[in-house]
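Chain nomenclature is as follows: A, B, C and D, assigned in order of appearance, with residue numbering initiated at 1 for each chain independently.
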Amino acid sequence: MKFKNTAVLLILCDDKDGIVADVTTLLARLGANIVYLDQHTDRQNMKFFMRVEWDLEKFSVGLDDFKTIFTHDSAKKYNMSWELHRSEDRQKMAIFVSKYAHCFFDIISRWKTKEFEVDIPLVISNHEDLREEAGRFGIPYYHIPITKENRSEQTQEQIELLQKHNVDFVVLARYMQIIPPEMIAIYKNRIINIHHSFLPGFPGAKPYHQAFERGVKIIGATGHYVTEELDAGPIIEQAVQRVSHKHSVEDLIATGQDIERRVLARAVKAHIERRILTDNNRTVVFS
Amino acid sequence: MKFKNTAVLLILCDDKDGIVADVTTLLARLGANIVYLDQHTDRQNMKFFMRVEWDLEKFSVGLDDFKTIFTHDSAKKYNMSWELHRSEDRQKMAIFVSKYAHCFFDIISRWKTKEFEVDIPLVISNHEDLREEAGRFGIPYYHIPITKENRSEQTQEQIELLQKHNVDFVVLARYMQIIPPEMIAIYKNRIINIHHSFLPGFPGAKPYHQAFERGVKIIGATGHYVTEELDAGPIIEQAVQRVSHKHSVEDLIATGQDIERRVLARAVKAHIERRILTDNNRTVVFS
Amino acid sequence: MKFKNTAVLLILCDDKDGIVADVTTLLARLGANIVYLDQHTDRQNMKFFMRVEWDLEKFSVGLDDFKTIFTHDSAKKYNMSWELHRSEDRQKMAIFVSKYAHCFFDIISRWKTKEFEVDIPLVISNHEDLREEAGRFGIPYYHIPITKENRSEQTQEQIELLQKHNVDFVVLARYMQIIPPEMIAIYKNRIINIHHSFLPGFPGAKPYHQAFERGVKIIGATGHYVTEELDAGPIIEQAVQRVSHKHSVEDLIATGQDIERRVLARAVKAHIERRILTDNNRTVVFS
Amino acid sequence: MKFKNTAVLLILCDDKDGIVADVTTLLARLGANIVYLDQHTDRQNMKFFMRVEWDLEKFSVGLDDFKTIFTHDSAKKYNMSWELHRSEDRQKMAIFVSKYAHCFFDIISRWKTKEFEVDIPLVISNHEDLREEAGRFGIPYYHIPITKENRSEQTQEQIELLQKHNVDFVVLARYMQIIPPEMIAIYKNRIINIHHSFLPGFPGAKPYHQAFERGVKIIGATGHYVTEELDAGPIIEQAVQRVSHKHSVEDLIATGQDIERRVLARAVKAHIERRILTDNNRTVVFS
């Protein structure tokens, strides 16, 4: 994910004939060299999704002007929901952790190797356990312990921290607390959770114990946007791993950590690269 | 799975020290050349599972005598559940089908190429659709349509057919009917079903429609023994396939057929080769 | 793969700005309801690939007229290689077999269940082994044994049979003979072979023996178009399966058959659905 | 991989009847509670491999005495190669790196989360790039630049460092230099390399470029012990990832890093847990 001087346009609207032709013709007229183009039509729900990315080098208008042009052109004609991004704009990503370090280290590693081109202004946790690890990488660490009694005010403090640091999206790297509706409302489709099962199987607590009890031959993990219903938000990414009767619960937990790492990383990467559109609790993740 | 002059001993008992030593020492004393040995200890439930297979060429006693010896030796000492099989004894397998032919063809193909060394005395169906296909391969086809009203007597007819043909086990190759308790009671852990989802996700009807609605990124299939609780029996085998937003329900169904074929074949193969032990609704499938 | 009243246009040309806009605008003008659109730019070689499929229901011109229009429009402007197909045109597929039946059965099964909407006018083999199986399905079987001495004239006989039956493409379902250049010349990118290894590893004879010797932990199979260089043609599809030290050569062969079946089926399906473009010994396989 | 008070016995010898019985009977007599037992017979080469692990709690003899007993018992009778380890003995692992950080971070992460229960006395590199990262974790970093001229003396310096720190085994975490025979001789089957291709495909330099050129549909990585022949040592672990025509060389490199991480981690874990036996350039990796 190296630096690219491109713009990304994401489109969601009802399916009609001619959308691709109209959008690509407009871009061609403005001198866009398209470097990525993919679209999808959900024929069940007659919805159209599109992602187009173009080089800004020879683009004849500024992005603000393009916004104005597009608003009165295809966006209006097809009644589109759409967003426009400049690839070089670095997003600010907050990480929420609990006691497990494996997902945290994986994310940090991808950030240090520039696979994730983001800023990480802060780590928030309900425990002290990972303070030292965050400190190694010079990332401010906020310990905000949650109890039943203080949940409301602590959530308020979390939100204030996120807003103060202009956080664009939040990654729950095995943060074991439920996210309250007031935070979800502010960061809709911008809070990414990793659930340690192959959803919809084994939602809720202790999924590896559930998997052991059921005797499944494959375990998995699911990266999804957080919604108010627990473990039921739009799925971004899933992966699985074959297991057998030889795996104890502890073995499932250990094996599962590798899947969690990988799934969360892919979900975060798709979000950073603005490849996700969400409709009707389902995602379109462009490749 | 070529012809082998071997015996297979399957053991299940509470875990104790010394079982492997005792069993292998007994076999060594009797001249057994062990060609397969694997065991498993479920430490959660303190159960011991073992599968041992030996060449009968130089075995110094007949299998009936060995049964007597073993009964008074390790089997008694450790209070084992156990079964002994001669590999060359061909099992009789009944196939139940409905309208879908893909699993039926796959099974027949493996039978014709001798991957499955079994006899197939009959196919039973609630529809006429596959009569011609069974006929191509010279397999008798029984059309036993099921309705709410006649379920009980039709089940009785099915059981009589199975017993008349000395059927050892039943494969439900996308047979879309519920198996009544009276048949399950007779063929406990001997009726293999393929469910077209990655259980425990999406049990019951129309799993691919459910998968589409939920927006999962991976679909799967599950081969399991039939128990009274629907889609909740001991899992023998599972496999999955990555899908994306591009897959309509129809695409999921088509993609899923490949997984169903493969999973059912592996489950049936493990059963034929007597590699499965079941305890507490979980299977041990030896490799 | 049900009957569809659509046209498929496949395009290959040097990459230029505006191709998508031009083609989709032309189609929109002619009333095409696009049901599939995907394109790919190989930036290494600056080549552009596109597949577009549209409903012919409301298309305002016949396909012959469209050919004329397109020839003088985008095809000329961008100097395209292109082909146009009507989806309902059934292709004629010949199957070449040797002694192994597993791939043959798999293909026949997909043909009988209408996953493959083709005609199969003949099976050609250098052995008699599968005559009975072809006969079961009413497919004419030609036994053309190949020796070093008669290879040239036997090849001639094969070609005459293929041409007499208007065969569109050939599937080598574990046909263990080398295809001579004169046949490859006629059926360029229309002969699909399954090689039983993960190419470029283990080309040539006895790949499972090679895999065992090397001690690999994963085996695979490769579906590819046949070119004059052995096992070096454009790869269409590959799949793999994890193995371990427990697998003898015989186990690898048995396990491999499942991969071969699956890979060949996917390669054939992509070819039937006209989703493959080939350039520079590499394929673009649209999803 | 938590602390375990167990002993691990690894056995390699010619296959004979009765080995399992003899070894398990001896252990049972000495009060061993066996917590792991697996064996393998390579029937091609008539070799027997075994790994047995037992709890030392109630074991009636010390490990030194057991060595003496075993030497004169089964080891002698069957002319075994064997090794005995106490699980709690922490091994010392050296890491060699070049400029890529992804494998380094992954290993460090597993060490910090105690998945790898080893000591890491030093990192050696031919570049300065990762000095800061090693420093974050307090690991001494030795910069030993290699040129054609100084290879011999620099290798000597490396060996001296390894010996001074009592290093048990070496992990080449994308160290891009060839290991000279004099080091391989000292650390036979104790130097683990990650090669960024699915061997035997694409050995040597720039495997992702080779993979792109060949147009493969799956890429992979291979963890192996280093031998004098480049990329030809005993394979410990392999994994793969599906790719498509959409992947540029850069995409293959990025995708591949995830596979490399995972494969190297699994290979290192198997080595730490003493689950690997090597014979005839092939490994037996017990699960």
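Convention: a contact is a pair of C-beta atoms (placed from the backbone, for glycine too) under 8 Å apart; a residue touches a chain by one contact, two chains touch by 3 or more.
These figures come from a predicted structure and were not determined experimentally.
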Neighbouring chains common to subunit C and subunit D, by label: A, B
Chain of greatest Cα-centre distance to subunit D: C
Repeat of the C-D interface, chosen from A-C, A-B or B-D (over half of contact pairs identical by residue number): A-B
Length of the line joining the C-alpha centres of subunit A and subunit D, rounded to whole Å: 35
Intercentroid distance (Cα basis), subunit B paired with subunit A, Å: 41
Where subunit B touches two or more other chains, by residue: 246, 287
In the complex, subunit D residues that touch subunit B: 17-18, 20-21, 24-25, 27-28, 32-35, 37-39, 41, 242
Residues on subunit D engaged by subunit C in the complex (per definition of touch): 40, 42-44, 49, 198-202, 212-218, 220, 234-240, 244-246, 248-249, 281-285, 287
Residues of subunit C that touch subunit B when the two form their complex: 1, 100-102, 105-106, 108-109, 112-113, 115, 133, 136-137, 246, 254, 257-258, 262, 265, 287
